[in-house]
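Both of the next two complexes hold chain A, though its partner changes from chain B to chain C.
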Partner chain A sequence: MNAQLYERVRSIAADVLQVSATSITQQSSTENVESWDSVHHLNLVLALEQEFDLQFDPEEMDHMHSISHILQVLDNKLNHRSS
Partner chain B sequence: MKRGHPQRRGPDIVNLSEIKSEIDRLIASGEASAAISLLAELWSQDKSASAASFLVSHYEQQRPHLSVAPHKLAILRSFTVEPMVPLLRAAAFVAGIDLSVHLSEFNAYVQEIVDPQSALYRFAPDSVVLAVQTRDIAPELFRDFSGLSSEQVSVAVERVISDYRAWISNFRRHSRANLVVHNLEQPTHPARGLFEAQSPGNQTFAIQQINRGLRDIAAEQSGVYVLDYDALVARYGRLQWHDERKWLTVRLPISAPNLNHLVEEWMRFLHPLTGRVAKALVVDLDNTIWGGVIGEDGMSGIRLGSEYPGAAFQEVQRALLDLHRRGILLAIASKNNADDAMEALTKHPGMLLKPQHFACMRINWGDKAQSLREIARELNIGIDSLAFLDDNPIERRAVRTQAREVMVLDLPHEPGEFARIIREFPAFERLSLSAEDLQRGSYYQAQREREQLEQSITSREDFYRSLNQEVEIAGLTKATLPRIAQLTNKTNQFNLTTRRYTEQQISELVKLPGWHCFSIQVKDRFGDNGLVGVALTHHHEGIYEIDTLLMSCRVIGRTVETAFLSFLADHARKLKARKIQGWFLPTRKNAPARNFYSEHGFQALQENGEGTLWELDLAQSSLACPEWVRLHVVNGDRA
Partner chain C sequence: MAIAIQPYTPDLVPAVKALNSRLAAGGVVREFHFPESSVPEWLPKLPGRRLYQEYFLAVEGEAVRGGYIVKYQDFWINGENRPLAFYRLPLSEGIVNRAYTSVGVVMLRSALARQPVMFALGMGGMHNPLPQMLTALRWALREVPFYFRVHHPGRFLRNIAPLRRDAARRLLASLAALSGTGWLGIKAAQRLRTRAISGLQVERIESFGSWADELWQRCARNYFASAVRDSATLNLLYGEEKYLCVRVSRASQLLGWAVVLDTQMRQNKYFGDLRLGSIADCLAAPADALAVIQGATEFLDQRGVDLIISNQAHHAWSSALRSSGYFTGPSNFIFAASQGLAKVLSPLEQNFSQLHLNRGDGDGPINL
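Take a look at the complex of A and B:
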């Protein structure tokens, strides 16, 4: 997993979910971050779309309920784009 | 994000995260004002959803150190706007507005409007946005148009217009808030394809008819404005604007890069609605309104004309002319030899702007913050009403640090972008244009002539006599209401109480027993100054209270204020009042009005923490209209 990508995602998630970046780990998810409700989920998805200049499919959005899943989806999309 | 060409912001990421940690460090060490200006800097570099969340949470923490005006905005909507809320609140904080936002339930805008007990009215908004999409309010016209007969089309158009009319008048019964109504967008692909453009009574026309109906409704009601959503979507491109999959899954029709564009459009309304407007734009000359440096390149060397590369600067001048015609004053602050600059201003064939378009000029080698202060003084407006346009980032930074109240426009490197930046600057937006706005430039020219006369005449009274002033006082009319409300919102200096009113509030006040509203128009030998003063009064049991008394600085110091007060005294006597009372509520700006009551024989009656209540005993008073002012009184129609 790309460390720089992880840092960017972490910093965006921390801003949008309004928690400190250090409290965000790969295991952070809608289950264990209290502010990660459906409104914040949409905000997070849009923040990532703005940041990486891409659009997620509805299926991907449903899958992105934890940091590790977000990284998976992003990694996949970014590699797909650059190839 | 940069418009048009969304870019991956990878290279900036270090810089942005450095700014964020610097902000946290400044806050931790108690340097609030440095942290606050860095927050604005962050926003100018990164208008993303994550930066917005960062800004909002940090501004909220810093609230005690901010000078921001609270404003309550309700959004009634037929689609998801939640992701726009942090973006909007961040943009508002940067503009000095502390916005609280209430969202209606999904598609429950009709219930919220018609039910006087609804959450909307309990929220007591200052402003309301009604954001409904064509596909929600007129699905048959948007989706199924090709299956409709022309009768069915007319029925649908009429139904939508009459729904809007009913909702808006219903809303007005329950709320005085400003109402901004999105108009309806056209479909990206018309149902009948190419044939659409060949046929009368087409889909485009049907939606245009609804939009025209909305414009009529807004014109009928005070404080109701149309947001041209169709033009907004078209400006950014219909295909780019939409994200159909997000519409279908989470009811968000707008793609991520365009969320800010809707937010910016809302901000364009919030600036004039909250009085955050620039009254004058001060411009640099070299490389700003023409290309090159006049002192070095000379008349034949500067770039200004209808062809590349001078055309970009003509576009800048065209944008400035449009502001001038909107009533925004233009002024010059340039480091130049005055003779060189004046030669270009008067003689260059490519100049669209002429010296008479500028109300004030400072062409010298002094620093610009100082020039800006002098310009504000000469134009009689606060320095926080000035905007500043300069291609040189060093000058912009100097003004930002030395004259922090000035609104500075950021210009990119490419001159071809300058005109767009000027046209999109929200502090130049106006929601109504009065005759005075359209004439303002020439008022200032007449003012210069008046001042020359004043200097050539030695006695004050001779000067007053020589002005041939005529004052017309009128009750409230529909025609004067917008200008009257505008004056209550923007007059800061000669204003005894600085109470702000919307058009709606004024027209309701004068319907109450004992309340009156008067305006004055002043003419003199140099021209018509237009409607320049307002009084709101309230008579109750022998006491005639002046709730509001204000006058534009253009006419102050020429005894017109005494004439106006003498008229109010006569009016009070007619109503059998014994006394006139009025508060003077001091602000940072209204020192010119401080001695007004004492100079006219009023006695201080009481003081509280906010100001002083003055009283005039009408039986003792000899207040009269100065002999050199001719006074006419006309009746209004009580709008």
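Take a look at the complex of A and C:
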């Protein structure tokens, strides 16, 4: 896993979900982060789109319910863009 | 498994029932369940009809995880007729199961991809999740002004007093403030604010005829934007018995019409046990708005309502309500325009008070 990507996502997630960056791990998800509701989910998706200058498909958004899944989706998308 | 958005077909009814059962188990009241028929009871799509609804579902394999409704209706905007899509009743399993938190976002984005020129209306206030999501998506949101007039101050004060203990209800804050003046104060304040018009004839009608088409043709050009309010549309929207339709004239000259409701509330969170009158919809040339509001107010007063309310965006209707003794209160009735629609209505900041928009639009006069 790209450590730099993880740190960027972690920082954005902490900012959007209004929690400390240290509390965000790859296991953080809609199930265990209290503030990660539908509104914050949308804000997180939009913040990531802005940060990485891309747009997620509905199928991708549906997978992004944990930090590890977000990293997978982003990794695929960024690799696809650079290839 | 991925969520796919697809039209609601009859084979998905059992999966919708299963979704509703899961929602019920999570404490979601029946009012917020998704319809258990793939054909809308209200405004189904029929050949040639331009006012109709379509249902969409968020499907994951065999299961339904959410759904939303789109109502299509023709609007007159800046001199042209064009269809607009209204996004209503989005419902996601995410409200009871956090594994589906993303469903609401997926549905909204999918709806926008299909219909970029879209609006939402009502939504119960800016603090609710949907308006917050729309704000995040850079929709333009405006409160549609709320007006009220007290007809039986005694009953009003008795019903409002227990409710005002709940400080969270913004609507009640202004009602409670007014109630502090007592019934004499309320009566006096309303009388002072009323600019009475004499010689009005108010007649109850069973349906809208060609006269309504003529009125619409005459009035439409006075509005920057309005849902088409011709007789065919009005008879579809207001055919039910609960809608009281009145025609207002003076010296035999037709001025306009109003659709009002007279509802006995029962332990309502906003209105207690008041008998609530509401001016849900109306049409006239802006110069005749005052006459129509006063005609509708008199009609509801004679029926014995305790309180009359209305939400109106257009400045002429707002002014007519104020000049008829109505007070203004905080509104939880929100108009939201997608970026595509905001462009059509641009500049919305300036044009919002030129839109003829009220409780007749969107979901129609529900909860009244």
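Please note the rule applied: the second predicted complex is superposed on the first by the 83 of 83 C-alpha atoms of A that agree within 3 Å, B and C clash if a C-alpha of one lies under 4 Å from a C-alpha of the other, contacts with A are read in each partner's own complex, and residues count from 1 in each chain.
In the analysis below, a contact is a pair of C-beta atoms (placed from the backbone, for glycine too) under 8 Å apart; a residue touches a chain by one contact, two chains touch by 3 or more.
Everything numeric here is computed off the predicted structure, so don't read it as measured data.
Asker: Clash or fit: how do chain B and chain C relate after the overlay on chain A?
Answerer: Here chain B and chain C cannot both sit on chain A without a clash.
Asker: For A:M61, decide between first (touching chain B), second (touching chain C), both and neither.
Answerer: Touch status of A:M61: both partners.
Asker: Between chain B (first) and chain C (second), which does A:Y6 come into contact with in this model arrangement: first, second, both, or neither?
Answerer: A:Y6 contacts neither chain B nor chain C.
Asker: Between chain B (first) and chain C (second), which does A:T30 come into contact with in this model arrangement: first, second, both, or neither?
Answerer: A:T30: touches chain C, not chain B.
Asker: Should A:V39 be classified as contacting the first partner (chain B), the second (chain C), both, or neither?
Answerer: both
Asker: For the superposed three-chain model, which listed region of chain C (181-189, 235-243, 289-297 or 325-333) is the one that clashes with chain B?
Answerer: Once both complexes are placed on chain A, chain C clashes with chain B in 325-333.
Asker: Report, in rising order, the residues of chain A that make contact with chain B in one complex and with chain C in the other.
Answerer: 39, 42-43, 46, 58, 61.
Asker: Would you pull the chain A residues touching chain B in the complex into a rising list?
Answerer: Going by the criterion above, the answer is residues 8, 11-12, 15-16, 18, 39, 42-44, 46-47, 49-53, 55, 57-58, 61.
Asker: Sort out for me which residues of chain C touch chain A in the complex.
Answerer: Result: residues 2-5, 92, 94-95, 98-99, 101-106, 108-110, 129, 132-133, 136-137 of chain C touch chain A.
Asker: Which bits of chain B are touching chain A when the two form their complex?
Answerer: 1, 6-9, 13, 17, 20, 48-51, 53-54, 57, 80, 82-83, 86, 243, 245-246, 248-250, 252, 255-257, 259
Asker: Within the complex, which stretch of chain A touches chain C?
Answerer: On the chain A side, the touching residues are 30-31, 36-39, 41-43, 45-46, 58-59, 61-65.
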